[in-house]
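Note that chain A is present in both complexes that follow, paired respectively with chain B and with chain C.
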Partner chain A sequence: MGRIDARRYLRRWESLLVLFLLVVLAYNITQVSNFLTAQNQANLFQLSIEKAIVALIMTFVIISGEIDLSVASMMALSAAVVARLNESRMEHVLAIVVALAVGLGLGALNGFFVANVGINSLAVTLAGYIGYRGLAQVFIEDNSVGGFPGWFTRLGQKGIIGPITFSIILFFIMAAVAGVILHYSGFGRRVYTVGSNARVAIFSGVPVARTRIIIFATSGLVSAIAGILYAARLGAVRSSTAQGFELDIITIVLLGGVSIFGGVGSMVGVLLSIFLVLNLRNGMTIAGITGNTQTGVIGLLLILSVLIPNLVSRAQGRFRRTPVEPQFQAPRPETVQSAG
Partner chain B sequence: MTDRLLRHIRPEQFRELILLVVTIGALLFFWTQIPNYFDPRSINRLTVGLAIPLVVAIGQMMVVLTRNIDLSVSSTVGLTAYVVGTFLTRNEVSPWVAAVMAMLLGCALGAINGLLVAYGGVPAIITTLGTLAIYRVVLVEISGAKTVTTGDLPGWIGSLPSKTLVTVRDYDLRLMVAIALIVTIAGYLVLRFLPFGRRLYAIGSNPDAARMAGLPARRDVFCAFVICGGLAGLAGFMYLVRFGNITVTAAQGLELQVVAAVVVGGASILGGQGTIFGVLLGVMLIEILQQSLLRWSGLSEFVKDAILGLLILIAITVDAVVLGRLREAWVNTRRRDRAAARLVMEGGADGAD
Partner chain C sequence: MADLAPDIAPARMNGSDESSVVPVLEMRGISKRFGATQALSDVSLQLSRGEVHALLGENGAGKSTLIKIMTGIESPDTGEILLDGQEIHLASSQDAQRYGIAAMYQEPMIFPDLSVAENIFIGHRNRGKFVDRRRMESEARDVLSRLGVEIEVDEPARGLTLAEQQTVEIAKAISLDTRVLIMDEPTASLSAHEVRRLFQIIENLRSEGVAVLFISHRMDEVFEISDKVTILRDGQWISTRPRTELTPRMAIRDMVGRQVVEIFHRERKPPGDVRLAVEGLSKTGAFEDISFEIRAGEVLGFAGLVGARRTDVGLALFGIAPADRGTVTLDGQPANVSSPRQALERGIAYSTEDRRQLGLIMGQSISNNIVLPSLQRFLDKFGLVKRDEERTVAETYRMLLKIRAASVDVPTGALSGGNQQKVVISKWLETRPKVLILDEPTRGIDVGAKVEVHQLIDELAGQGMAILLISSDLPEVLAMSDRILIMREGHQMAILDHTEATQEKVLSLAMGQASELDDVDARAALRAVDGLIDAGSSAGD
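Let's look at the complex of A and B:
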């Protein structure tokens, strides 16, 4: 598989997403009379805004050839930290700062283990997946902790510009910033380089370790932000907050055309995929499919989003007459990491 | 000193030794902290608690050996427990038939995973994260939020968990524990002596090399997933027998404990590395910690998961840092020994190396 082929395919993948999105939108419009009103669209966004925010940073993580399973647990942890500190009457802004610092610190710790100790990110973030939620349990046990100051819950629930809430505005700002960084900055290019071939990146003088630490630290920070916003929206925190969100988040990113093997993907694809998944869930709710089954459908979508490109590219390889493929392919990033 | 040690012990064995010492250390520590820690009742409770995670972990380990992972096991356990339980409330069959049914259902669920991973080229983490949700949804859908209750089940279910094979001074060997031990021994024999078992190691340590060497890598990975599913199915039957009441959330979160046990037990998440003995120790250590921390008044039950996460982190870090060095030293020692032997054979000829 040449890189050109993959990119041409990707372009088609994005047009496929647009098509799929239009179908889902059309269904929703026919089923609900006031579907396209600003209020309804804002509500729709609001329901999954935290996942959408984390999906932005997960795009960077997966393009760099890694994975972060700990994001949802980090959301729960940051929310629990805010709730616990609020309960012990700490100044609320200070509590938020502490929670963000925890997110940044633990994210950087993940990055340190991946980049410097050289452990597979799946194993490291699996520990975080279990451990961070475990820490959240230590802080708030099995209670439901609320009692946030009024401005905090208003921030999460009330619109600032019409029905558009702070979270939605923040999401669009972050999406713009993430898109610019990924596609128009040196750092973004380094993310792709590290993801497509870490060994080549090292020999080309790319600071691979630093890039990875920055990505994981940001992942922790953004997850913490999302967790705090989620706490503000719900008004109460349990240790099971945001459980299973990593499934939706990873699905969104992969469905957006980002390759699980790293090095391939675009922010436009991920944004399209966010809109698609949001509208799909909305459509399923209209069609009377419950939340639990929706998760199953998302899981199916996750598998298909990888399976279909695989089958298509295999079929292409079979039907197109191409010169004999080189005998030795470049090692995949994962094998490179195990050596380092 | 390290040289002499390394001549006799491989680094991997050293790792198991550490784990054994830690496990015994944990047992001794809780013995000093908790009164009557080694009395028959609490030991029996420990061994019974071990049985289900152990069976699932043996299957999980075979998948992990091939550089894959199966996160869907908990949903497989829950789904088979529920389906077989529902079947038993309506039909009269012997325990054996029920157990085989559960295993077959588990195999089928594992085969779906295996097909997608081995033949569809979908990474295992993606596949099983998806099927973790899908199998659970299937369970929710077919149950209609109804629960299988002990009262509806045939009588033998109630007596099976306490069925004891051997009793030595009040220490029981329960049937459930015996099944788990048989699975463990079978797993050991398969991985140690069967070509299939050896191939799993080969595939995991270098998938490309295994394929180029002509090993049926796809078929073997598929088989590993089927075995993992089958054992999860067996565990589902054991779950049904042990608890009787099966809700839609049955066995939720078990996958974490099992993957943690396999990783703590020394199986590398990058494949090709790990032993059944290590997994047995990993399952034991985690079960001991989970049960004993609850009873030890110094800690609340809420620190359980935090400690589990920390334990995994410690295990993989020790694996990466300490064992990496040990392995290097081991190779160097052997190289030096061989060089020395060659020197002796060549009668001390100069210009060696």
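Let's look at the complex of A and C:
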């Protein structure tokens, strides 16, 4: 029954996120005098902007009932490709285009294995998680490769409008586009449908495989964009770049109320979750809480986000009887098989 | 297990004086209701030791529900269950197992990676912490030899044939001291030869004093193996007779013998041109040589029992599980499709019987579900959903089909079965199909909604749609169809015009009991049908 009340639950979860966010903001404001200044907020945002960008596409991936563990390795790979090509004096814009193409292509390959070959996305993208970082290592070995053109590092580090960087502007544009696609477009509708019940989708003529490939290809592309922005911000690339980011990104998305089982979630929830996590980490840093404890607190929040809907539906189940349908015969195995 | 046989044998001997009077298992006045459907009302059944008792009835007669109650999966609303004359309560299938009641189904429940011996003894408890593999295997051999079969007990069960897997399940039941064994359609997937061997095992069970409840749609088998036959119809007990006092004709009469109440009166109009033509459609392992035509404005009923493979034909036409051979034409154009998408493009829609798994996205709103297959038409030039249009269309269906919901934003999971069915039909109507395949459109929905669905079918046919109605509800098929195609185990038995179709005729064909055999003595009929079966099954192989 949890599914059925999903929308109402989401709204409730989103309000809870707003509440958390206000509490955290209030604390931060009392502790730091210039906390709410544009400068400070932009800086705060800038520190995790690449994760925030990938969280947008991860929202699509998880709502469609899949997972992509390869995003952070893809970030490292695209950054390494740009660095390597830059070293060999390729025109920098062209190097970026190549890196983006690699992201799109490998993402589509992930999608192909998931959608057409039928391998679980956890397994497929785990292979990518290992393989892409390995490829990055092949390109730049254990070196720290920098020496980017000045315009590139300025793009990553300097504000365009006041303290607001290109990455931040891009993030907000992408967030708006992602929100419109997810909630108002036919494609977004398909993402939910595939994630809720892929069998019903197939029976309804929804191009399920194509939808999945598009999602994974976009995930590869967006990860590549994030990787390149990360390289621009840091000014140098290592093969260990962005290590472990995928778990932070998935955490943000789940904390935003997206169901790990697919079919449920909203862009607003994920955006709130991004702001909450950023400010929470900031507040904890101010309060002198160390990194490990910070991660623990966010983990606790994540557990709550998974636990609360379960508790709610269990409590509801105790009071409300679910309608029972008569079933005179076991489902025919032949029907189930042919649907799979 | 060597110690088991002497253990139970005396126990059974002691009871033998009484057991001629007191049945092993007695179901008394069992009633069970699911929502709007009275699945069983006041059904009684007695099983004696060493008796093979057949349970006959159409789909939906209540057989499955009765079995579920006997095995503790469902509990009855009223009525009692007696074991050796003592009332017992079955709260779970473990309870039933403790009392010595076990069931086996058409698809055996086998752990493919465990050995045969492990599968046989999987349900045993309190046998110590460690496995004595050698002892287990020798006991497994004992049990199997009591059944008169030889299977390697140390091999993994994966390599067994279906028939052997069934044997392992029977052995499992025997090793658990089972006194009542329920066999639900055990022969449905067996070859004629395997059926013979199964019957030999049943004979052995009989001589060991096990009471067997045997459920089969094959009339000849029922007449061969059973001592007594109980017939259910519409959830009610109709008759229990010794096999020797029953003829196939009587059995069929009892199964369909309801008063013919006109459930819906359909004015049949002369149909238009041929819409869908199917020629020699075959799919290995599913169905063989299906040929029919449906004209515009015509309803073709698909009748048959469970396992007749009617749904497979529907799924093939819709491209979910395409056929291997044969041609399909729609309005003269080839329409052999290999995906639902292609089917929908050509104007074929398929409304599934499984609303929950395949029909609706339960967490999404009525309107989302209705526009799902035709979403493309509801997108503007930027690919965004035209929500106003979507709502208007959904509202139209809500009014037209009388979908009872506060609004079209209500998630379909919150609706009753009947209203869910209407949403499913709406969703397919919105694809504006030329051919609509309706698979069990009224299963599990209340009487009021059923009549509304029937009215709708009539209206749609009136508008020139060709409708293929797959239904296990015989009165429904008879009332709604212009013609009726009867299937049995993947084969097309006949196409009857509605003017010549009767419940008895349709059921006789569906059960493989040729109607000319009606008046012949049961034994002679049996021999005749046996010949037919052998011929039929070898053709199917």
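The working rule: the second predicted complex is superposed on the first by the 309 of 340 C-alpha atoms of A that agree within 3 Å, B and C clash if a C-alpha of one lies under 4 Å from a C-alpha of the other, contacts with A are read in each partner's own complex, and residues count from 1 in each chain.
Everything that follows uses one rule, which is that contacts are C-beta pairs under 8 Å (C-beta built on N, C-alpha and C of every residue); 3 or more make two chains touch, one makes a residue touch a chain.
Since we're looking at a predicted model, the values are computed, not measured.
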| item | value |
| --- | --- |
| Which of chain B and chain C A:Ile67 touches, first, second, both or neither | first |
| Which superposed partner A:Gln137 touches (first chain B, second chain C, both, neither) | first |
| Which of chain B and chain C A:Val264 touches, first, second, both or neither | second |
| Which of chain B and chain C A:Gly205 touches, first, second, both or neither | second |
| Touched partner set for A:Ser196, first chain B, second chain C, both or neither | second |
| Partner chain in contact with A:Tyr184 - chain B first, chain C second, else both or neither | second |
| Touching partner for A:Leu311 - first (chain B), second (chain C), both, neither | first |
| Residues on chain A lying within both footprints (that of chain B and that of chain C) | 329, 334-335, 338 |
| Touching residues (chain side chain C, partner chain A) in the complex | 34-35, 37, 39, 59-60, 62, 64-65, 105, 107, 286, 306, 309, 311-312, 315, 320-321, 339-341, 343-344, 350, 352, 354, 356-364, 368, 372-373, 375-376, 378-379, 382-385, 387, 411, 413-414, 416-417, 427, 443-444 |
| Residue numbers on chain B that touch chain A, as the complex places them | 69, 116, 120-123, 125-127, 129-134, 136-138, 140-141, 206, 208, 256, 259-260, 263, 269-270, 300, 302-310, 312-313, 316-317, 319-321 |
| In the complex, chain A residues that touch chain C | 1, 3-4, 6-7, 180, 184-187, 189-190, 192-193, 196-197, 199-207, 263-264, 323-336, 338-339 |
| Complex interface listing, chain A residues touching chain B | 67, 113, 117-120, 122-124, 126-135, 137-138, 141-142, 239, 244, 246-247, 250, 254, 260, 292-293, 295-296, 298-300, 302-303, 306-307, 310-311, 314, 329, 334-335, 338 |
